[in-house]
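Next up: some structures, all given as structure tokens.
Two complexes follow with chain A in common, the first pairing it with chain B and the second with chain C.
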Partner chain A sequence: MLQYRMNSVIGILTGAVWQGTGFAFIWVVMHTFPSLAGWGLAEIAFLYGLRLTAHGVAMIPLMALHNIEFLVREGEFDRYLLRPLNPLVQVLGNRLGLAQVGDLLVGVALLVVAGQSTGIEWGPWPLIVCVVAIVSGALIEGAFFLALCSLSLRLLDTYALRSFVDEAFSTFGSYPLKIFGSVVEWLLTYVLPVAFVAYVPASVVLGKLDGTWALAGPVLGVILMALGYQVWRGQLKHYQSVGS
Partner chain B sequence: MTRIGLRLALAYRSNIVFMMVTLVAQVFLLRMIWTAVYGARTEAAGITLPQLLAYLTLANLQVFAMNTQVSRIISHRIRTGTVFFDLARPVGFMRQMTAFQAGNTLGGLLLLLPVVPVVLLVGSITAPAHLPGYVVTLVLGYAITVELALLISLIGFWTLETVWVAVLFRLVSQFFAGTMVPLAFFPGFLGALADVLPFKYMGYVPAGVYIGHITELVPTVLGELAWAAGLALLLQLIWSRAHRRVVIQGG
Partner chain C sequence: MIRVEGLSKVFRRPRTFSGPFGTVRTLFTRQYEEKLAVDDVSFEIDEGEIVGYLGPNGAGKSTTIKMLTGILTPTGGSIEVNGLVPWRERTANARNVGVVFGQRSQLWWDLPLIESLRLVGALYDVRHFDKALSKVREILGLDGFLDTPVRQLSLGQRMRGDLAAAVLYEPPLLYLDEPTVGLDVLAKEAVREFIVETNRSGRTTVMLTTHDLADVEALCKRIILIDHGKVLFDGAIDALVNQPRRLVVELESGTRTYDIHDDLPGMVATIAAEHTIRDLSIVEPDLESVIKGIYAR
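Our next item is the complex of A and B:
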């Protein structure tokens, strides 16, 4: 990977610019309008940063799975099954998500800057909520990604569907969900639990929501990831090589 | 070449379907965000909310339809060396690639057509304030977009790796085209920068004319013509140097 050092740098940069322009939009809008559904610029920045950091943490290790269709179709995947190491670990070891390193950098930068200007009193409690939220957000997003990639082990191409789910997490997850109307808010809370990645924990840290809600994310994250891994195992059991 | 471009657009249907779902989601997102920030206000920066929603819907449709594939194709052909065959043809390379892009856009439009009503419904539209002005600025804007894409792809004759450059270019150009925020809202330095760059002709200028936000048509069209001519000249100049530098990979 490091042979292509220049490419790596540009890859990380692209990820950062991608998210940078996404946030620049919010910044420009809130330059004219100080409040978005009761959230100020710093608060939105905090929400955005929390979502982005969780996304980076989830996707840096998982990004190699995005190639799963290719690995299966070319018969590469058969090689992993012959080796005495969990095939999932082998696939993930292939490469890291470089553009997602850029996401992570922007996310952490936003969190640090926004965290200081929102007026949160930074004791151990909000800090713990944040760290737990990042990990559980990563688990939630990662679980969906892993499950959808697993379906591709049986030659079902889920690339477009995965991209769509990723899109839902990234475009809608970075805003206070109530602006989208009650139907969409409900869908993004109970059907595709985007809300628990950043909206709910950010609301807790910012004092907009009761503290007990902070527990929902980690519980959901662990359960979903366990389910996601079960889907992977189930699909792996039925894996049939493409043959030659 | 035009026919190849058209066929290529139709061949990657599933990819385009996903992109259209993204387009609809994007327009929905923008509508909800802008409606929320406007709240009880009726207008801001001289734009009313219905005007703004129509603007956003149009600008996003435009930029979607103007998305160019030509950089990717040229980069691929340089990397595999097949660019040699293009250069051997009696028709100039730039002309071939322009024809390719025109066909590709046409194919994209055919696929986009059934989605347009959905996008208009999810977004919103008003009657045009100045239809001829919209058409003229849009066509010129398209010409500028293709010229810029060709310029970017010529970098490939020097560095051989343009995929990331193309992605970066697309991100930056979409932002400064004003697909999410009309340029009228860009503060200070950012506004001045966006005004100097040619990307506004992809989105902001035609859509702004459509909703009646931009009313000074003559200077706008003259500015567009100047950009189109200037870029054409620059393209000629760089191309005459680039094709002397053709390095065929492998061998």
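Our next item is the complex of A and C:
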């Protein structure tokens, strides 16, 4: 993939610019309203960075799953099943998500800058919470992405469903959920657990929520990823291949 | 080597409607169309056999092969290949079998053939790659195009490359799905020779699907014939083609055919005594007409 250097650079830059404009929007809003649901600009920036970093960590390896419909439709997936290697590994090995490297860079930059202006007392504990939150956030988002992509093994086209969930994660996950009202907050906590990607851990680090809540993310992340992989395996059994 | 019992595969898809609002109805329907692609198929293949698996288009041949290789999960029945259940132990099974789909290359499109073969070597843990390669490159005559990217190979070269990839790790079992499709006479000959050679030297079991009956006559002692997902015949070709030769005589009153039993000159003499013979020919029983007869039933 890195054989095409120019393409790689442009891909990473596009990702970074795209996310940069996303954050610029918040910046503009925060100029008008200094605080949203009790969160200041630096705090929201921190939350945004946390979610973006988790997103990057999840999608850099998983991005190749976006191609799964194509692989199934072209009969390419049959080849993977004939080889003595887990087909999921073979799909993921096709390519890395380069634009998501851009996401990761912007996310980490936001975390570093915002982390210094929020007044968090940085020590081992908040750092650990952050790292764990990034990994478990990546597991949560990755689990949904994996499960939805595996549906393509049977249904072929699941693009609409996938972009809906992706939008939910990126649109709602990047802000304090309180601003959307209690119904949405409840839905995004217990139905589609977007809250545990960044909102909950950021609240813990910023001292808005009790420290025990930091445990919820990793537990949920591991369970969901295990379930996501089971969905993949289940759908694999229903794989119908193509004619000829 | 292969044991298949009561194997069946049902493909299910939502029923499609036509007419006004047909698309909308299709979207919301709970009704499914079921297609029985393979229906209660049973057979056994022993080590070292070359078996032709034949049938018209859409008979269920490829579906069977895909279940045997673990690509598809059977709807019913059981499969055991070399003691493994393919769809459940797919990766273990993959190490035991080589597969060539004539219609679709297993090689990496953008890589030179040699790199594709190296990758196969790495995937299947081939320990002495150079030795394994030198074995196949000679029989298949790969030397002229080892460094050519696969996408630039001619069909005959590509097929030889595919065969090389399938046998590089010396699997005890080969599935060949139309390995001679679209090849010229010489290339076909080369592929057949290679199959015979692999089967003889390595005791490799071969299951072959093809529409070219010359392949079958050159390679297989036994065939399994299927149509509409069911086995129609399973046995030696000799038994299938074991019919008398026939005498076709053109008379003034029209053409007649007689089965030849023993005394051919006597038969001709008898006919000549009664009619005026314009022309005559002898028809050997052949696989093609026998199989045509079976398909047409």
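Convention: the second predicted complex is superposed on the first by the 242 of 244 C-alpha atoms of A that agree within 3 Å, B and C clash if a C-alpha of one lies under 4 Å from a C-alpha of the other, contacts with A are read in each partner's own complex, and residues count from 1 in each chain.
FYI, a residue touches a chain if its C-beta (ideal position, glycine included) is under 8 Å from a C-beta of that chain, and two chains touch if they have at least 3 such contacts.
Note that the coordinates shown come from a computational prediction; the quantities given were computed from them, not determined experimentally.
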Contacts of A:Lys237 with chain B and chain C, given as first, second, both or neither: second
Partner chain(s) touched by A:Thr212 [first = chain B, second = chain C, both, neither]: neither
Chain B versus chain C as contact partner of A:Ser182, first or second or both or neither: neither
Which of chain B and chain C A:Ala160 touches, first, second, both or neither: first
Which partner reaches more residues of chain A (counting touched residues only), chain B or chain C: B
Touching residues on chain A, where the partner in the complex is chain B: 7, 10-11, 13-14, 17-18, 21, 24-25, 28-33, 35-37, 160, 163-164, 167-168, 171-172, 175, 179-181, 184
Of all residues in chain C, those that touch chain A in their complex: 11, 62, 66, 69-73, 87, 90-92, 94-95, 99, 101, 103-104, 106, 123-124
Residues of chain A touching chain C in the complex: 75, 78-79, 81-86, 237-241, 243-244
Residues of chain B touching chain A in the complex: 14-15, 17-18, 21-22, 25-26, 28-29, 32-39, 44-45, 161, 164-165, 167-168, 171-172, 174-175, 180-181, 185-187, 190
